[in-house]
Amino acid sequence: MPERSTYKTTTARRAPRDEGFVQDEQVILEGVDISGQWNKMYEPREIVDYDLTHLEELTAIPGAESMGWCYQCAQCIPACPVDTAGGDYGPRKIFRRLQTGMDLFDHQDMWLCTSCQNCVRVCPKEVDMVEIMPAARAQAVLDGRNVPGELLEMFQNVAEYGNPMGESARRRTRWTRKAGVDIRLLPKNPGPVDVLWFVGDYYAFHNRGVDAAQAMARVFSRLGVDFGILGVDERTDGDSQRLAGEPGLFEEVAEHNLEQFGKYEFGKIVVSGPHAYNAIKNEYPRVSHGKTGGDTYPVEHYTQFLAQQVDALAPLLSGSFARKVTFHDPCYLGRHNGEYDAPRRLLEAVPGIEFVEMYRCKAQGYCCGGGGGGMWLDGFAAEHQMERLSENRVKEAVEVGAEVLAVCCPYEVSRFEDAVKSTDNDGKLEVLDIIEILDACMEPIGEGVA
Amino acid sequence: MKIVVLMKRVPDLVEDLEVDGSGKALATEHLKLTVNEFDDHALEEGLLLKETSGGELTVVALDAADVDKMLFTALAKGADRVLKITGAANVEGNTGLAAVFEEVLSAQEHDLILTGVQAADDRDGQLGPIVAALLDVPCVEVVTQVEVGEPGEGMVTVHKEYSGGVVAELEISLPAVLGIQAARQSPRYAPVSKVRQIQQSATIETLAGAGESSGAAAGGGSGFSVVEMTAPETGAGAQMLAGVDELMAVLEAKGVV
Amino acid sequence: MANDVLVVAEHLKGELGEITFELLGIGKTLAAALGGQCVVALIGGNDGMVTALGAAERVVRVDGEGLSDFDPDSHGDALLAVYEAVDPRVVLVGYTSMGMDLASNLATRAGVPHAASCIALVEAGENIHATAQLYGGKLNVTSDLGGGRCVASVLAGSGAVEAGKAEGAPATESVAAPAGRGRVRFKRLIEPEAGDVDITAKEVLVAIGRGIGSKDDIEVAEELAEELDGAVAGSRPLIDSGWLPKTRQVGKSGLKVSPKLYLALGVSGAPEHIEGMKSSATIVAVNTDKQAPIFNYAHYGLVEDLFDVCEELTEAIQEKKG
């Protein structure tokens, strides 16, 4: 915890204005006499004492200390996607509100951060919202203090069913039936594979995610990838639950998934989603499970895995995709994990494509609003923002003239498709997972499979 | 006040329920049990009463799949004690279960017994009124609000819901059983971190239920057998209609116009 | 033991409930099959109710202090007294708020089997078979209630109200009210507060989704809902945009509903929405997109413009009503 003095300002005696200039003050600075008349520019500022109870309550939480380091430079505000979407938000504003009496535990500000990390990128004081918010939220969840119902329902679903939708675990493999290619279910058919594909909830359960999952299976199959999936034994990666304030739930699902990983022999894990990538790469190694400590597994996002094989992939892309395409960088693949090139390399390999960047891209990419639990806070966020982040983003895609918004995060297809409709861009912009574009450009396989 | 909440685990309706080869029972291979959602409301109402009026809250449940997790969760939410009845796995229906609960309750101090108004598997009636009849105490079903009277009065005032939102206010002398329809607020969430912590420190008290013999002695068992269990007819996907005329015919057949 | 069927009448605010007539219709058919009479137990009723129970062969009344308003304890005692006096083969109780208090109580005290949540009762040889809707409507379970006495609580909507409705002057007799035990005391009835409609309590919901173009178009849906004696509900986007109040939201972050009819207009059927309405008894989906996932969950589908459907259907219903 920082010393109190790092953020507490002290009261200085102020020269009353009606006394005019301060006369004949004797000041020696580094041996130089700078005495003289002080004009108002140098008049002592009016500073008051703040009641720091709420700020100190927050910064006392392990992980949330850096909230106190803010010196109000406000570089974070234009970087904050929530503020941009009319949410009156950002670390500087939160600090100021805490200083002037806001109890974060009673305030919507607790739940609006999407943990996109764009503020951390510009913050000179290293105020780290990605650490602060999950820690503060965990306390709120533990104490049952004003946690939005939508979020609690999602936690409950994960606790009960292992996925945020509350779907039966047995339906996790339903999508495989119509993929058109054989998919090895490791629990039924163990044995070594090169790739353990961690499919993820949205690919397994969401109707648009299923399209992408099936496309992925077909692309893997055409490339001859030796892969298997955990099927009904897979659970949500837990990253969003951790960021939304349920570390215990994160640990529970992580322990479960680690236990499954431990059962099979495989070369690497390939994930569909940036959150799963972040969790398995950066968070799972810290989770102890069973008698061992955390396990580190080689993990790649699917765009990374495929980009490495782009030479083998390119000849398979026999079709043409003659459309103007832009790409949305997922926060947890890009800013959080530094991968900007792999998705672009895949798109560049697509014949006929006209690629256009959005204004806010790569390290400065704009958040879709789904991170940090935002995926399950749409109703809550709508009450406190002028628009959804996904809507803001979709407008940008349209503005740069894109016909297709390509994504590579399973949360995003549904988010952006919703936003396309609500911003009246139906028919103007199509949202597709990169894997769907690749699949569409390859020779059809699995024809005739119902 | 001593509050006892009776909870049971029921087949999870999120899952596809399958009938076994006999055609008379659920297939158990993939059967997943979950807490009866109304029991969860009963627990919530009990916790709210405890918080406002004081007292001790005990949760009682029969041993079943994942029952420990349910009981630890109840502790994490604020229950004082949890009791697991073992050795009574063969009791049949709510009649058999009620007989076991009656035996347990006879040996436990209790003023107010709360349970869910109903459950998805109530083939032989609801648990609350059967337990009440066995204990010879009053019971009110479909309760949406409970207020505890002044200390020493030994009574509660409840709201019992009728259709159309009409509510009856009833005063009940304790001890009594209440079948809770909905707690005043939705059941609280027990953070997994807290449940895991409690799992390390707290204990579940176990009681040996007398099992089959006691159920039979108390007139237990539903006393009637299942002839068949079938899924109601439902089509896969929608039956497509050609126009508003056909839609109108459907609405007429369904008795909505 | 007689072969009679005892129907437990239900009344609130001086009016017999429709369930009573449904039970009477079912009871008469069953009694005829068993070769017995259909007898009604009327506890704390009035003379007007007896006239309305003309479909019954006999009405057994219990009257006494504190019986005119329902309380589970004294009505339970009174019902047991009637049961002992009539000694029926089958007792039919509504699977309703009042019936839930009475059926299990009677069965336990009388020591006879009780099949709950029934939708059908038939005589099968010497025995009574009851079919119940259990597991949230996912399974129908038929039970053999044996050749002796039994209690069945019956779900509303299992029989036709008309079948039990007839004015007349059935034979009446009285059973003395048991001494009150005073353990439960009726205080008052509270009418629902006038607020926004409770969509979870509506039998018909007209649900609108993003397919609806502007706020003004909601009126078309509201008109239809009015004709159907239902209410308008919506998917999240409509609530987010302020077109409908939060109290009308169906789905993951809204309310879970299971009406008799869920008419989904321009609702695509996102899983978030499906979660809140999938247990509806009948789901009808109207959407211009024939690929819309809502059609996988609906029982009936219509690929048409929702405004046309709304208008035509409203007209058709008005026409039918005359």
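Think of it as A, B and C in the order they're written, each chain with its own count starting at 1.
Everything that follows uses one rule, which is that contacts are C-beta pairs under 8 Å (C-beta built on N, C-alpha and C of every residue); 3 or more make two chains touch, one makes a residue touch a chain.
As the structure is a prediction and not an experimental result, all values here were calculated from the model.
Chain B has the C-alpha centroid lying closest to the overall centroid of all protein C-alpha atoms shown. With centres computed as the average of Cα coordinates, no chain lies farther from chain B than A. Between the CA-based centres of chain A and chain C the separation comes to 47 Å, rounded to the whole angstrom.
Centre-to-centre separation of chain B and chain C, using mean CA positions: 21 Å.
In terms of their C-alpha centroids, the spacing between chain A and chain B amounts to 40 Å.
Residues of chain A found to touch two or more other chains are 149, 166.
Those residues of chain B lying in contact with chain A across their complex are 12, 14-16, 30, 32, 34, 186, 188-189, 191-196.
Chain contact summary for the complex, chain A toward chain B: residues 138, 141-142, 144, 147, 149, 152, 155-156, 159-161, 166-168, 170, 246-249, 251-252. Within the complex formed with chain A, the chain C residues making contact are 210, 236-237, 239-241, 249, 252-254, 270-271, 275, 293. Here chain A touches chain C in the complex through residues 149-150, 153, 165-166, 205-207, 376, 378-379, 382, 414, 418, 421-422, going by the rule given at the top. By the touch criterion stated above, chain C contacts chain B in their complex at residues 12-13, 69-73, 96-98, 100-101, 103-105, 107-109, 111-117, 129, 132-146, 150-151, 153, 182-192, 198, 201, 203-204, 227-228, 260-261, 281-286, 295-304, 308-309, 312-313, 316-317, 320.
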